[in-house]
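Just below sit the structures, each encoded as structure tokens.
Look for subunit A in each of the two complexes below; its partner is subunit B in the first and subunit C in the second.
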Partner chain A sequence: MVRAAYTYFPLVLLALLWEVISRSGVISQDMLPPFSVVMRALWGLIQSGDLLSNGTASLTRAAIGFVLAVGVGALLGAGMALIPWVYRGIDPIVQIFYPLPKSALIPLVLVWFGLGDTSKTFLVFLGCLQPAILATYNGLRGVDVLLGWSARSLGATRFQVVREVMFPAALPQLLTGLRTALAFMFLLMVSSELVIATNGLGYLIGNFGDQGSYPEMFATILVVTALGFLADRGFLALSDHLLRWRP
Partner chain B sequence: MREILRWLARLSPIFVLLLVWEAVALAGLVKPFLLPAPHAVAGRVWHDLASGQFALNASLTLYRALVGFVLACVIGVPAGILIASERWVRWLAEPLISVGFPMPKIAFLPVFMLWFGVYDLSKIVMVCFAAIFAVVAAAEAGTRGVDKFMLWSARAMGASRADVFREVVLPAAMPQFLTGMQIALPVSLITAVAAEMLMGGAGLGGAMLAAGNYADSPGVFAGIVETSVVGLVAVAGMTALRRHLLRWHAEFNPRG
Partner chain C sequence: MSKSGFGIEIEGITHGYVPRSGKPTVALDNVSLSIAPGEFHALLGPSGCGKSTLLFLIGGFQKIQQGTIRTARGLVSEPGPDRGIVFQNFALFPWKTVIENVRYGLEKKGIKGSEAEQRAKHYIDLVHLSGFEKAFPTQLSGGMQQRAAIARTLAIDPDILLMDEPFGALDAQTRRIMQEELLTIWRGTGKTVVFVTHDVAEAVFLADRISVMSARPGRIKRLVSAEFNRSADPTIHKSPAFNDMVEQVWEMVRDEVDQARAQGH
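Then we have the complex of A and B:
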């Protein structure tokens, strides 16, 4: 507890600095509302329920897109790692889509799926798909073939080798890749909602900015930042738990 | 000749994909509005090339992305080195980085629009802000990872702190610095395109947004193709730069 307070104390300093800079007028309060004002705006957003309804909308879409991407990505990545013709078929396509910014697909997805939830969920899916494929592929490729052969010679079936040997051995790489996917999830969640503005946290940020409700805008940005941070920390804790068998 | 054939064979899934797409479009299975035929998209790209529209938009996007990227490197690498070498700076910076790294940076775009207006400056600051975390984190890890024995040996042989830094730390950490930049460059391009898409105006992102708003599907697809090509070229350029700067390094001299 004391350790955490010591580690994160600089964030408190930052908040204090923010308050002082804004109150003293070094940066005008129109440009940077004081931290305390932003906190009050945050409380207002919580009480009015705006934050809860838009946050739920955002996170639901993001979670569905993420889970779908991990499922499909794990299948494709495993296929690429284990079956040569799948690799030959999919790898060039994964490669040409690699440099393509996924947010460049927003106008296209808008044409395909319209303004509803589907288009935003699909964008999150696309953004997380590539890291998920690559993480599974690299993880499984990195497994020492001798491990698999040993298990086979001890009488394991192919399926058992995949489940008992390949999967645990690939898990560290897989989790690293999924952490990247998690960051992409938040990025596409916010950017899709900023462009296709119907609801969600990204919509709130853009909308408050357009209205000139800057304390509310800063408050929502802080919420998004905190969500991203907590999700990242939570994921790290989960990884450590799943990998606790490692020396 | 053999090389070329092998290369074509490797790319064959892409040709198959294009053929299927063209066939689907020609057969009228999907409305051209939803999925314009590849030849229509190619024609549009050609038109953009010939009219100079591509050169204009791509140079604007690249300008914003590269200025932001270079700023991120110029600020980020020294910051990373400082964080790695001074304890109190590390104490201050560590939580900021661990909060900033997973954060969706694009959420700050409205803030930068408020502070820096709607023209190039806000986009450049946005790009720099999005790209800098990867640069700082890699520079810090690279500087911290320098082999202590190399540092001690250099010190023991009488090198000053400045000498050690210039002759030992910089070259030894260079691969990591470049890795950070290689992550940051695509991020810069993505952010530049996304910022243009949100703010409108000229540039590849703005052009795509306009095409989308006019329901001009070939325009949207052409924009995606053009953006990918610019991304590919930039990433390839960065790889070449790495190869050049690290031509002395074991990474590119496998047999020593």
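Then we have the complex of A and C:
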């Protein structure tokens, strides 16, 4: 606890600095409402239930998109790593779309899927798919071939080698890739809701901004930041647990 | 002790490959060799002589291009638990504890629960790793990891034990101890062993017979009978007969090493 307090002390300083700058009028309070005012707005959002309902809507869509992307990505990545023609078929597509910011597809997805949940879920799916494919592919490719040979000579079938040896051996790289995917999940979750949504945290941010409710807007941004941070920490803790066999 | 009168029959094996940056290479050229059941056979030669390739072909890990390899179970075409393998770098499953590693092959044989536990413990004890059942491989020294790998392979009770420079990554003292223990285990189990090494003294110490292999293309240049392994004399290394044999085999290998060097290996 002491360590954590020490590590995150700069955040306290930042909040203080924020408060002082805003109160002193260096930056207008309209543009940067004081931290204390933002906190009060946050409390209001919690009490009204707006935060909970919109947060649930966002995270549900994001989680579904993420899980689908991990499932499909693992399948495609494994196909690429294990079957040459799958690799030849998919790799060029993955490479071409690699530099494309997936948020550029938001208007297109709006046309395809409309304003409902599907459009946002699909965008999160797209954003997470690539890191999931690449992590699986690279992870499986990097597995020492001798591990598979060992398993085969111990009586494992080819399929068992993939499931029981290659995937566990690739887990460190897989988890690294999924951590990236998790960050993309938040990115696409918020950016898609900014443009096409009737609820969600991104929608709240945009809406409060349009209304000029800046304390509420800042409060929602802080919530998204905190959620992203907590998700990342949680993921790291899970990774450490799964990889406890590492030195 | 052997399960049949059949060891390993290698006939006319020729094997080539194309390295990523070079011309096609013949790793093995028309190799034939008959290994008796229960024999401890060493494949000895400079790096690049194809000795590991030959071992991997016996293991069924690589596709045989030309020729045949036959064991008691018939023609070799893919890996199987009748041929256990031990690699230089152990190839333990790092996410499994020692006992989970040893149990893996047992479970593949359908042996589960307390029987698997008992058998795994028996083999862990055999390689002197008792007390480390719950350790992960990364928590063990190289010698201990190799003990675990040997236990894992012995646990499935293969007819044939394939060993690819298994002690090459160990320090000199550990290597000597492991060699002696391997002989003890081999005498106790009567398994057929094919042991790849480039260490002449190791081959002479361990093997009934040594195939001295030539540099690329790999061929068996000479077959030498050693048979110091039948003696349990711990000072055998110092005997004149042993040293004469090492000297003699070393002379055969030296030409090959020189040739291999001339070829740039």
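For the reader, a short list of remarks on this structure follows.
Here, the second predicted complex is superposed on the first by the 247 of 247 C-alpha atoms of A that agree within 3 Å, B and C clash if a C-alpha of one lies under 4 Å from a C-alpha of the other, contacts with A are read in each partner's own complex, and residues count from 1 in each chain.
In this section, contacts are C-beta pairs under 8 Å (C-beta built on N, C-alpha and C of every residue); 3 or more make two chains touch, one makes a residue touch a chain.
Everything quoted here is computed from the prediction, not taken from an experiment.
When the two complexes are overlaid on their common chain A, residue A:43 makes contact with neither subunit B nor subunit C. More residues of subunit A are in touch with B than with the other of subunit B and subunit C. In the superposition on chain A, contact is made by A:165 with subunit C only, not with subunit B. Contact with subunit B, but none with subunit C, is seen for A:228 once the two complexes are overlaid on the shared chain.
In the superposition on chain A, A:151 contacts subunit C only, with no contact to subunit B.
In the superposition on chain A, contact of A:214 is made with subunit B only, not with subunit C. Taken in their complex, subunit A has these residues touching subunit C: 144, 146-147, 149-156, 160, 165, 168-169, 171, 243, 245-247.
Residue ranges of subunit A in contact with subunit B, taken from their complex: 7-11, 13-14, 31, 88-93, 96-97, 99-108, 110-112, 182-183, 186-187, 189-191, 194-195, 201-202, 205-206, 208-209, 214, 217-218, 221, 224-225, 228-229, 231-232.
Interface residues of subunit B facing subunit A in the complex, by the touch rule stated above, are 10-14, 17, 33-34, 91-96, 98-99, 101-111, 113-115, 186, 189-190, 193-194, 197-198, 204-205, 208-209, 211-212, 215, 217, 220-221, 223-224, 227-228, 231-232, 234-235. Contacts from subunit C toward subunit A in the complex involve residues 56, 59-61, 78-81, 83-85, 87, 89, 91-96, 104-105, 108-109, 136-139, 152-153, 156, 158, 162.
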